[in-house]
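We call the chains A, B and C, going by the order they appear; numbering starts again at 1 in every chain.
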Amino acid sequence: MTALAAQVGHIARRSLVRTLRQPASAIPPFIFPMALLAVTAAGLDSATRLPGFPSDSFLAFFLAFPFIQGALFATMNAGTDLARDIQTGFLNRLSLTPMRGAALVTGHLAGVVTMGAVQACFYLAVGLAAGVSIASGVLGALTILGLATLIALAFGALGTFFALRTGSGESVQGLFPLLFVGLFLSSMNLPRNLIEADWFRFTATINPISYLIEGVRSLIIEGWDAQALALGFGMAGMIAVLSLTASAWALRGRLTRT
Amino acid sequence: MSQQAEHGIEAESLVRVFKGDIRAVDGIDLAVEPGEIYGFLGPNGAGKSTTVHMLTTLLPPSSGRARVAGFDVVHEGPQVRRAIGAALQEAALDPLLTGREHLRLQCALHGIPRAERRHRANELLERVGLTLAADRKVKGYSGGMKRRLDLALALAHRPTILFLDEPTTGLDVQSRSALWVEVVRLARDEGVTVFLTTQYLEEADALADRVGIIDHGRIVAEGTTDELKAQIGRPTVEAIPGDGTEAAALARILERFGERTDGSPKGVSVRLSRGVGDLAEIVRALDSEGLRVEHLQLHAPSLDDVFLAKTGRSLEGAGEEAEAEEVEAET
Amino acid sequence: MRRGASFRSVALAVAWRVLHNVFTTPSLLLPSLIFPLFFFTAFAGGLSRVDNIPGFDFPPGYTTFQFVFVLLQSAAFGGVFTGFGVARDFESGFARRLLLAAPQRGGLIAGYALAAVSRWAVTATILTVVAVAAHMKVGGDGVDLFGLYGLALIVSLAGTLWATGVAMRLRTMQAGPIMQMPVFLTLFFAPVYVPLDLLSGWLHAVAKVNPVTRLLEAGRSLIAGNPSEVGLAYGVAFALVAGFALWALRGLGSAERAGG
């Protein structure tokens, strides 16, 4: 067990070092979500005047968005880095060491999740600095960080699965538009009960990303909403389990060593 | 002697079939003695890398058996990997890590204690001449530097068997020579068994104690380079006299060393009975008879001649053909 | 060959090549078609309730309101996508071939621009068909719509010239974010979701001076059949084209000095 933990640590450290040494990958997850947060929160601030809108601050309402968008970046970075290892043969090099397959995936994701947690802290800090108050208090803020970290794990594992399955950075990049669409076809901009178009409301209702957003959002603007939290954590957990299982399966196919 | 040092590499009827019924390796038998440098020569697409991947446990064989360092490659994979080091065809480096960071990671994953890692990394960096570049990111390394780092990484955990898959492809002459020196030193001074795949004849000639020539997934010839060359013929000497009227005298002298054979119309060619060792005697004989020779050349069979004799194709042309077949199979 | 004919032949040749590559390569074509449709769907569909905000006064409705933004956005980003192609040409070395072959090098920029607006015309057509199918209400007549699409075409040209100038200066695909981000920010620092008078705070202040706001408001007034400040919008659009044309030409000079 100690050997496995050590291996996970080494791979995680490498994952973090690599991310930090690629400003083009490391910086956008901090900057882009904040840019979108700023323009959307300002642009739709008047939406708080809609009857039934759950908050008098669109910034507070929309603050959940960066956590999810940050997770998308985690998907892309996790997947692209691992795909590059496969394409360059570095995975073969690691395969020839006593490194266990589980350590490869776990270590890789540990690095991704660490970055995800740092991002989440950053988004929360920016929100607080911009005047958002967290309805669920300090414990709620910690819960947000926990949920955001779980979401980063879930999407990081998704990127990892695609990388292991395809071995191609381009294929992983091809995921981005799909996830981006998934993000927009959700309750990102308005609560589901205020979405007028039936088809859009239906899509948002069946879209798991809506529940991730609503889970985070409930802690910010409502306080402790058991149902929203259960659904948020539940969806994140489900995506994480499915993605990790798929990654383990894909790893067996990729790591053909005896 | 440890179990690992007592054993080399053995393969028996090793086969690997890929999707589409492509038999990349079609029944290979080989045995490499501990401490030997074994050259595995063949054109592109012959099955060299696939064989290496199976012997290094990266790919399970479709059938057949192989033992490396006394361990079965299928059932005792982790033990095999502990005993071997491998520098594969791709340099397989992370462009964002420095040379030193690569070594530390490699040492860490092999369980080398933290206290020893720094020392081992420094030792290897010095050995491959990368001390000054150790803290630069690999993306700034030249091809030769990457290959040297690759070799250092393969040696991090002191393996007893080293697999080198086309280690000098793409390197300049100087880098290639430096790598050759290191390979020979490893085998001679440290007793490391080296399994070297190459498509360069001179590399196999220069380094290998024994050579196996592979084509279309099968070994077509195996032995020392001298044995292989001797199999297909003895060397010939060709001499062109300085004075055309002395051709008959020249022929009489040369025929003492072997039988006459076809050569240049202006000269005399003789296939030597005993081999290249007669060349000095020939020169002495010509000198003692006072015969002036305008041109004297020794033609020794090459490994390409061996390949040609065994397969009907030259080694260089065989590579393009094999690649075309692979592309056709994939489509 | 006369100078004018040479310029024209270079432009047409470059435009043909770009269009041929784009329309035969799905990975190049599809993003520029799909993203505008997606944004239209997401904004018009997901935010349709926004026209219930007190003070939101746009008679044709939210779908039409968003259509104008997405039309202009697709025009601007169509130009950026063309800029990616220019950067790719420089990175691969193909641009050097073009520079060597073209007697009138300004024709290269004209060719890229011609390709960009042609490509955008296809996007705009598809977007319009989808919007009409989504029961978008149109208050304007033929002249108004001509004015709207003409404005968008000029925006496409401006976007292309901006991105081409960046591509010719940096000559690498890594210039992508530099091409994209200013366009993205300029577009979004405008009344995207609600009219200008429903914005407040810093965004209202920025949007008031943002030239894209003039374009958006004029475009929306045209489609509503109530043209307002269209002349000003066209002036702004032409000024952008003039400024970015100079930017692109200077970028071409930079590329020439660097040897492509």
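By definition in this document, a contact is a pair of C-beta atoms (placed from the backbone, for glycine too) under 8 Å apart; a residue touches a chain by one contact, two chains touch by 3 or more.
Bear in mind that the values here come from a model prediction, so they are computed numbers and not experimental data.
Novice: Among line, ring, star, complete and other, which one matches the pattern of chain touches?
Specialist: Line.
Novice: Closest chain to the overall C-alpha centroid, by per-chain C-alpha centroid: which is it?
Specialist: So the chain nearest the centre of the shown protein is A.
Novice: Using each chain's Cα centroid, which is most distant from the centroid of subunit C?
Specialist: Result for the farthest chain: B.
Novice: For subunit A and subunit B, let me know how many angstrom lie between their CA-based centres, rounded off.
Specialist: The answer is 49 Å.
Novice: Take the average of all CA coordinates in subunit A, do the same for subunit C, and state the distance between these two points in whole angstrom.
Specialist: Chain centres of subunit A and subunit C, defined by C-alpha means, are spaced 31 Å apart.
Novice: From the C-alpha centre of subunit B to that of subunit C, how far is it in Å?
Specialist: About 59 Å, centre to centre.
Novice: What residues on subunit C touch subunit A, complex-wise?
Specialist: 31, 34-35, 38-39, 41-42, 45-50, 52-56, 174, 177, 184-185, 188-189, 191-194, 198-203
Novice: Which stretch or stretches of subunit B touch subunit A in the complex?
Specialist: Residues 56-60, 73-75, 77-78, 80-82, 84-86, 88-94, 96-97, 101, 105-106, 108-111, 137, 153.
Novice: If you look only at subunit A, which of its residues touch subunit B in the complex?
Specialist: For this pair, the touching residues of subunit A are 3, 6-7, 10, 14, 17-18, 21-22, 85, 88-90, 92-99, 256-258.
Novice: Going by the contact rule at the top, pick out the subunit A residues touching subunit C in the complex.
Specialist: It is residues 24, 28, 35-36, 39-40, 42-47, 49-51, 177, 181, 184-185, 188-190, 194-197, 199-200, 204 of subunit A that touch subunit C.
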